[in-house]
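To keep things clear, I will list the structure first and then write my remarks on it.
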């Protein structure tokens, strides 16, 4: 439509956008035969994982005791295949960005297969810890009618489920893919947990929109967090070029049985002691003693 | 791909994930012939409702005065059918979780039909109150060019629309489904309104990301709320086992003509009087008098 | 299903919902031959733009140096066609709402073609400024492993990309469409930037859920913003009817090299001076001097 | 994949295939703003027509007496819109091919609207004659259990339905589109009826694969035809260049109540008299008297 | 588009098409809660059946010895569910057409479940006889490179596969559904086998377009048929109203080891003896002795 | 649904269908990392080829002189990628069936890349010969209004187009894939041309349903064929086991300028001389002299 009078504009823009200088650092070129990270495939990976972990709640199969074995078999096999492919994509992507690394596709394939198998093997443990998360969410929320409602409807549980998957993949040395899986939960729920964060059992996030948990945060067991809570970094040591040094522990350590109310901001490598309660809308940058209760000063009337 | 060397891992994991002990409380088994709650069908239900309530803005039909009757006819009929099916799914789900209830599918079907019809009958009233919400949003926001822009673009209106649908379904005694409809709006807009909340006419939520309104909250007419506002519970009376007692009134009562600015947190069964203005980023846990204006104390420089 | 016994309810509701009085102001009627804004087409427009701006990261084409020219050609042509159609839809929508405007479809078509071509011509400049945003995000975040990870995974960058597109369209005088493009990013990332906001190069939003930037905000270069930050209006001058006057400058002006931490709320036409640092969870309604550092008063223990 | 070593081959081929001389007469270029014939849209047109003509058998709506009016309303409106667009596409295509015709898009639009309306107006008559075809098929086939089975399963009826639609469109002066509709039935059923053929009521085609009925054929009422029957042209008068002269009547005229068995070939502008029976696998190139019975000579043993 | 000037035409046509007299006998109304035959579901049924019968050739699963059991489990369970539903749809359809039958949905459900289970139980036998068909096609066709090619590419085998499924369903007393399954093969391959036909093992149809095999035909073992062959009825005894009497044996009986070449037409309840060879393009209406060879008389030059 | 009472039937059938003896010769197991022939990918290959050969008629791109180069570039690159993958799938499939061949995936990949590139290089020649076919069809058919109509609507041309693609792939030594491409045309048009057949320029098939052209047939230039024509084998020399010997020349050789009317059957390695005309419905098993005219003997009245 309307191309006649404007075709020169199109042609000129195409030429400009095709100049290699103009897309330097903004273009990704895949080597022959490499897979590429795919958000569609990763969505299927998450859907398959949820179907395996919570049979009958997720996945389109009508599960019953007689045939559940078939469904878990088909889903596990397919999960392994897709994971292998996306782990390989992550390894290639990483390799591609770091031009000093020697490149060996066969080696990367072997490595991806091994990591995919290790993840599959770990699935029963993920299910076991998620069972504690479901129970905690049910116990902590007077509005929850049943554990089934928690599994089926609670965004917090979905974000935690993605996190436990992404965290394991990160532990296995998979690049990029864990970050994308976290971002999928972030976009779906508004909860942004970096895959690097270490989180204990019986973890509850209620409502959850705006929650941020940083890469080096460590959370104990039975922690409860409300919407808008940040567990972030306070400041970043800079290198000689004035850029933040990567990889330093910079996020809080949260003890067991801690509750953090909505919109609280906890920054830096500080410790929040066991059983502490942090009130809403406050900014915490120093250690908090076990059992302490912090809250905002009174508003001006 | 690559299944040969890893097939034993897959087989072992399938066996572990198929052990019934491992999925106790995490698996949902549907009885013969029961429908199951479906987020795809519920998405269509919301789309049909929006098309009926705001003809020509939502829905893919090109509406005009001569043929609008046909479109509303087809959409209403389909909405009734789908609602009936999902209400039945909700009743069965609830029944399933509560093993003490006697189960009678025919009775549940009759009940679902009745509730679906009552909801359909109520649709004109939902349209009437949404008309006041649209007008309020237009009047409150200097950036809004027209009511049409509010209907077409404002996430706040979409969240309120889902809420008014979900709230009516909850009033009709439909389990689970209202919660899923709320969560759909939460995921789309970042606004989390529990279907139990009672909300008056001319309600505005601007921007809205991070808003949380609890199950027993009551809001008057002409209330305006900004992003990040929480109307939550302060603490929960515990039962003898240390678990929160379910169903107690625990969220704020907001009067008429109240404005609550961004990131304010209002907790507990307190009353915010008519015409009060609550400033941003503050934490309120006591009653506020009518016409009062609260704001944060000055930051430390 | 079950229509027999309830058909009268359906019929009556259809009649009520079809009464023109009941949908006054809530119904949109398109004139003959006009296109209508389509969120599906706008999604494709954003996908095409991302594929053109970051080749190989977005879009399903496997890009390589030999054939990139073909892909950019096809995508640019299609982008022009779709943009033309949606810009026209926006012009018609606007025209439709303002019944005093004289209506001339041929004139609107010419205007839409011209605006679409001007946008296409501007694409290389959008790519250039986004390159500075990518670099800034990488430098500011110790968790980022590479610029590629920023492009591929960071929601902040996606929101900024949509904003730079929407802002240009607004400058070209396109109604409604820029707002929808902003809302698409808002729904995907929880970041709500009004298309009217003016934002300098090297802009970073980290995590981002709950960020709100108002229509008349002006941001300098190298600004960094964290989750939950509001750059909003403090209050609105009212007209003689008590409604806010539209179009007045009412949002903050942020200088160069400013950092604003999570959940800070900055309201009104105030100035935050170059190099200032605003701490988290605070409410700022007065000018802040260049280089100043604001933070929350200590919480009550 | 594998583009590196073969990119020169691709580049050279692209250049060759892009030379305008190489696609002369094989390329179709649409003028600005013209629609193009679309087999997907035409499939929807046929589906809508079948849903209107045989409610409840075709179309995904569950029809009942109370709501059928809504469904027919929505389907008729949409059929009109799609038909208008495809008729316009046909007029433009035709115009495009004939470069001597003066081109006036507004005139073609008016013409397309008029033809679409005339077709819609004619639909009840198409339903009435198809009712005679259904009855005839049921009466002629001992294997048919009910008229419902004929409507739902018989390919002959689908081909006749497409033909009666295509024939009316041809009568209304619509180019190209009738031919595509015929070909859709041909591909689905193996029955190839040129839209120009004139066919009376109570027409039966049983099995039907391989049936060919030419453009100028005329069939009376109550004709029955089996698989593989050709009603074709014998030879074509040539013009001075040795090419067949277009538009001459060259196919058979079949009387009322004629039966033609499988694989019979009837060629040329001959007349088959009322009540004649033509046996299978024979070649007929002369007139056949009313009531005559032709059959193949005995095979050699 | 263009609705304004033509809306009266649309309205009038809608009214005419909605008059119940005009769709008498052409409309199908489903009773509450009944399923309806669905060509999409039946396509999935055929796809599942092919995947079960020829694992790895059909179906999207990558089969291997270790996991084939899971895939066959999931596919069999789903096939049972879908078959149950479509058999029920067939029973209801039949019941609906025959208004004298007393109607009992629960009884029909029980009956459908029983028939579905009997079909599932019979699947291994269908696989066994199809194995003989594959072998025969490979042996009979010099162009076939492997049995795998026959399974993967030969339309004859697909038609036979559909037939063996449809024939079993007919034997089980399922109405309508077998006919639709036959028609699906007819449309895909041009081969029209009535589900009633009885066909022995090692059956080959080569090329196949235009083949017709009637409802009461009986074929022995090791029969080979080429394209365009008809095994049809010669004439039909009429009842007192002049309509064909339904259900009489009227198609040929073909012995073992018979070959019938292309476009031969064999009509009536005649017997073709074992080992006979019927040449192409001939019409046979009398018995043929075992071992006989028939061919067409020489053409006139 | 209804699984409870019938689960034992399902379980038993699954066990039977999973016994390896029961699927011997009927199951295809892919080796690690091999692609598999995919009818969906092959459909896209044909669609891309048609879009390249007849720009603007096929493919969804709106072609114009200024941008056609971009479209042909993108389509050629994608065609190369998909072809490479499917050719590799064909080579693996063939290899898999022939267990004596030594297996080397890298070698097969190199081979597939080479064949894909050779095919791409040959595309301009396919376009050139198809141009003669289009012209011939237009000249031969008085019902054709334009060459554009032939390209857009004529099934004969689609079948010839698929054949010329499949034939080239066969010449390049690609297994299986050419056969599937032929079958796709067969299913769409009812025209069954074995990819091995050698066919000259200016070839016309009119109507075409039921046409069969065998693997070793050779056709000269300017041949015209009507529906139902068979160019087949008469009989097959048998090997010592009574099976047909594969690969012997056994189909007719047709000269230049020959016309063969509908349903004629021409069998065996005979020669039909230049300019001969074969009448409809006859069976020819001996050579026919140049310029001869054969027709059926008169039917018995």
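The chains carry the letters A, B, C, D, E and F, assigned in the order they are written, with residues numbered from 1 in each.
Methods note: a contact is a pair of C-beta atoms (placed from the backbone, for glycine too) under 8 Å apart; a residue touches a chain by one contact, two chains touch by 3 or more.
The shown structure was predicted, so the numbers you read here are calculated from the model rather than taken from an experiment.
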item: C-D against B-D, pair bridged by the larger set of C-beta contacts; value: B-D
item: Centroid comparison with chain B (C-alpha atoms), farthest chain; value: F
item: Between chain E and its twin chain F, rotation from the CA superposition, multiple of 5 degrees; value: 120
item: Rounded Å distance, chain D centre to chain E centre (Cα mean); value: 25
item: Rounded Å distance, chain B centre to chain E centre (Cα mean); value: 50
item: Residue numbers of chain B (touch at least two other chains); value: 1-4, 10, 14, 62, 64, 67, 69-70, 72-73, 77, 81, 190, 209-210, 228, 263, 279, 281-282, 295-297
item: Sites on chain E touched by chain A in the complex; value: 61-62, 67, 69-74, 77, 81
item: Contact footprint of chain F on chain E as seen in their complex; value: 52-57, 62-65, 68-69, 72-73, 76-77, 80-81, 84-85, 109, 113, 116-117, 120-121, 123-124, 127-128, 130-131, 134-135, 139-149, 151-153, 155, 188-190, 207, 209-210, 226-228, 261-263, 279-282, 295-301
item: Chain D residues touching chain C - in the complex, by the definition given at the top; value: 1, 3-4, 7, 10-11, 14, 62, 64, 66-67, 70
item: Footprint of chain D on chain E - complex, ascending; value: 1-3, 5-6, 9-10, 12-14, 16-18, 20, 22-23, 25-30, 36-37, 93-94, 96-98, 175-176, 179-180, 183, 186-187, 190, 192, 194, 196, 209-210, 212, 214-215, 228, 230, 232-233, 236, 243-248, 250, 263, 265, 267, 279, 281-284, 292-297
